[in-house]
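Input: structures, listed below.
Consider the two complexes below, in which chain A is the common component and chain B and chain C are the respective partners.
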Partner chain A sequence: MRAALAIALLLIKEIFRKKDFYVALFLMGVILAYASQMKFYEVRSVTRYLLDLGLTLVFFLTVILAVSLGARQVPSEAAGRTLQVLLAKPVTRGQFLLGKFLGTFLAAAAAFGVFAAVFFGAAFAKGASFEGVLLAQAGFCFLLNLAVVSAMAVGLSPYLTVSANVSLTLVTYLAINLYGPGLKDAGAALAPPLQAVTWTLYYFLPHFEFFDLRQRLVHRWGALSPKLLLFLAAYAALYAAAFLVAGWLGLRRRKV
Partner chain B sequence: MDPVIELVNVVVRYDAKRALDGLSLRVHPGEIFGFLGPNGAGKSTTIKTILGLILPDSGTVRLHGLPASDVRARAAVGFMPEETAYYKFLTPLELLDFYGKLFGMPRRERRERAKALLAQVGLDGPVQRRCLSTFSKGMAQKVSLAQALINDPRTLVLDEPTSGLDPLARADLHRLLDSLRREGRTIFFSSHELSEVELLCDSVAVVCEGRVVRSGAMKELVGAAAGSSLERFFIRTVKENARS
Partner chain C sequence: MTASAALLALLLAAAGVAGSIERRLPSENASFTLEDSLGRLMGTAKEGLGDMLFLQADIYFHGGAAGRYAETREEHAKEGLIAHAETGGDWIQRVYRKVHSHAHYHLAGRQKQELLPFFALATRLDPHNIEAVLTTAYWLEAHFGKPDEAAGVLQKGRRDNPVSWEVSFALGSLYFKHKQDHEASVLYFREAVLKSEGLEIERYHRVDMHYFLAESLWRLGRPAEALPHYRRAVSFYGPDESPVLKKILLGRIAECRVAGSSAGDVPA
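So, the complex of A and B:
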């Protein structure tokens, strides 16, 4: 665990010393500044729509950051030959991958904290208000979502190039968010072989939409029960572990 | 005396090509072992196999009496690669501190040792706090050597350690390796600089097409005939084995 933590901390240091994070922060600032100039005329639905849009932006920018960071972990270490030096130390390949996952997740979580602070700072300044418990739950669920997506990008990084990994992870993430909930119903209308494929996908793929409490937060639909939160945490842990094990299998016997 | 590094009939394949084709060698404690061979002979693959970076398709590799794949075997090993782009966003002090953490060294010991090692390889003063992205190839090689020594290793594995170093730095490295030998450490290094190998090594092995074709004590292999040199021995050995 010591080695994994050291690797994770190095990755966090990297993100705060490289420009990706600051570019995303700048982009976020520009969009929020633009949005804050809009006149809502106290139309509640428009205000809610803009809050939803802002939250989507915060979530999606963080996911992009996590994916781009996670996807390059194994390829960039291999290309720079730093992987050779690292694995020549008393570090197992499992510890290496775990460290990369922790680092990606923690760095993205820190970025999320900054983006969220900017967004909610602007929202509160414009007079918006949120339910405290629900706000905390939305943050917690997004962190679970971030853990799964970080594990997915890191887990795929021994197999794919950076661009292929970023594309595949983001397309999968978006597709599941958009079409995941309707997959079961869509499958019901199909012929048996296709139905089986669709339903397998439905039960096999991680349902990122489970972690999305944006609508609930913006429309004040009430907090989740502790039991449900616990289920979501276990669900996220299961998928994160599955992606990391898949990554480890790809790295285990790889010639470095 | 048990060997520090032992490879027995090691085969490593890259797809259909055999990079190592039944390679065997033994390195004993306290010796400086030179590993020679033409380009593509299998030197880097051998080094990676010793360090557990490549798992052999067959044969056994033991390091400090343990399988090379065992993480404990690498706890007392320092490795300097031929060429590495270290994390450019770090300073040399931070880099050594990071590698020290991987060995479980306490913070204070890590910092003191990092400073002392960097000074020892000729990187003293403010340069220790400069970002690695600003370093020349020679300076990066010095950092590379320092990181290999961070855990005070019993065994050093060096892949072309003097490539990129100017003559002064090269002489400093020779002195450092000599002092490490006097401390009883084992040093395994590959090099194309035959004069350097002749100057420093107790034993050598020549690898051709993935097999060790000659190995033994330097004096026995080279010093038998009057006027012989390692260079002549090496060229003769490589040509003989290329013919066969």
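So, the complex of A and C:
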């Protein structure tokens, strides 16, 4: 575990050394500043559109950073010939992959913290308010979401190139978020082979939309039950573990 | 929503940058509008985005939950929480509903102002969406007490949609009911009558157009001009239809005749 943590710590530093984080932060700042000064028919204290937009930016930019960081891990270590050096030390392939996952997740979570701070600054300046419990739950569920996305990107990294991995992970993430709950009904109208494909995707891919509490937070729907939160945590842990095991199997077969 | 909101965010940023550049350009006629910038960036795709935002206003009205069932008339008129629960589906759909569904809800009181950004952006991005123009004006006038802003939205809608009788009629109604400016309402109701000629529209719209045009003229003290429009409004009803409405219209026709004959305009 100590070896995995040492690898993870290196990655946390990496995200703040890269330009990607600062570009995303600047982009978010500009968009929020522009959106928060918009006026609509001289009516004040209109805030939900800003919360919706701001949370979307925070969540989406964090996921992009997590995926681009996670997808780089094995290919860049292999290209730089540092993979052999790392694995020559008393570090198992499982520890290596676990460290990469933890590093990706924690680095993305740190970026999420910075983005969220900027967003809250803009939201409070506009007069927005939040329900504390719901806010904590939204943050917790997004971290679960981030854990699954990070595990997916890291788990696929022994198999795919960086660009293929980023594309596949982001497309899957977006497609499931947009169409996930309707996939089964959509599949029912298709021919049997396509129906089987659609239903396989529906039952086997992680439903990222489970972790998205933006609507609840923006429209103040009320908190989720602890039982449901526990279920979501177990669901995220299951998928994160499955992706990491798949990645470990890929890394084990890889000749160094 | 994630992708569309991200796209919207990027477009807003791009529009903002384009706008600030444009404001600094040394042009005597430079006047920046959001739709100018987005129009240059997106072409006619901005209209699709505008229509999407108009639909988003409906989702916001329902407290952020997209409606999945047909509301009854009574439910639609309600504000706040409305008892309704969705059931069925497999475990994935049930978990999804626990996270994303909410008891049926309508924004109440001041919360309704949260719809304004979507109306404003929808009408700016797709100025040819007549339903969006009319709905925006309705909310501004009926729910936010802003008839001047509603008139502004409709005036712009009239310029952008010169053949729309609906916008002219809505303007006439606004000036007639809220501003009591009957000179203006005559102008717009006349325009609506002319624009709707030859079109297949609901009969009650034609009745309303002629009736309110006649009423505007009557209130301006021009019974001779009002009389043919009252008669036209009556003509849309069959012999046994709507006796109460017809009685009102026939009463007005009689009053016009008396007023007109005493003024020498209309033969008694």
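One rule holds for everything that comes next: the second predicted complex is superposed on the first by the 246 of 256 C-alpha atoms of A that agree within 3 Å, B and C clash if a C-alpha of one lies under 4 Å from a C-alpha of the other, contacts with A are read in each partner's own complex, and residues count from 1 in each chain.
Keep this in mind: a contact is a pair of C-beta atoms (placed from the backbone, for glycine too) under 8 Å apart; a residue touches a chain by one contact, two chains touch by 3 or more.
Because the structure is predicted, anything quoted here is derived from the model rather than measured.
S.K.: Looking at A:P181 after the superposition, I want to know if it touches chain B, chain C, both of them or none. Which is it: first, second, both, neither?
M.R.: In the superposed model, A:P181 contacts chain C only, not chain B.
S.K.: Pick one for A:V91: touches chain B only (first), chain C only (second), both, or neither.
M.R.: first
S.K.: Should A:A3 be classified as contacting the first partner (chain B), the second (chain C), both, or neither?
M.R.: A:A3: touches chain B, not chain C.
S.K.: Would you check which partner chain A:R253 touches, where first means chain B only, second means chain C only, and both and neither mean what they say?
M.R.: first
S.K.: Who wins on chain A residues touched, chain B or chain C?
M.R.: It is C that touches the greater number of chain A residues.
S.K.: Could you pull out which residues of chain A sit against chain B in one structure and against chain C in the other?
M.R.: The overlap between the chain B and chain C interfaces on chain A is empty, containing no residue.
S.K.: Flag every residue of chain A that touches chain B in the complex, lowest number first.
M.R.: 2-3, 6, 10, 13-14, 17-18, 80-82, 84-92, 253, 255-256
S.K.: Across the complex, what residues on chain C touch chain A?
M.R.: 1-3, 5-6, 8-10, 12-13, 16-17, 60, 63-65, 90, 92-93, 95-96, 98-100, 102, 110, 113-114, 116-120, 140, 144, 146, 149
S.K.: Flag every residue of chain A that touches chain C in the complex, lowest number first.
M.R.: Within the complex, chain A contacts chain C at residues 27, 30-31, 34-35, 38, 40-43, 45-49, 52-53, 56-57, 59-60, 174, 177-178, 180-181, 184, 202-203, 207, 209-210, 212-216, 218-219, 221, 224, 228, 231.
S.K.: Show me the residue ranges of chain B that touch chain A in the complex, using the header's touch definition.
M.R.: 12, 14, 48, 51-55, 71-72, 74-75, 77, 79, 81, 83-87, 89-90, 94, 98-99, 101-104, 147, 151, 157
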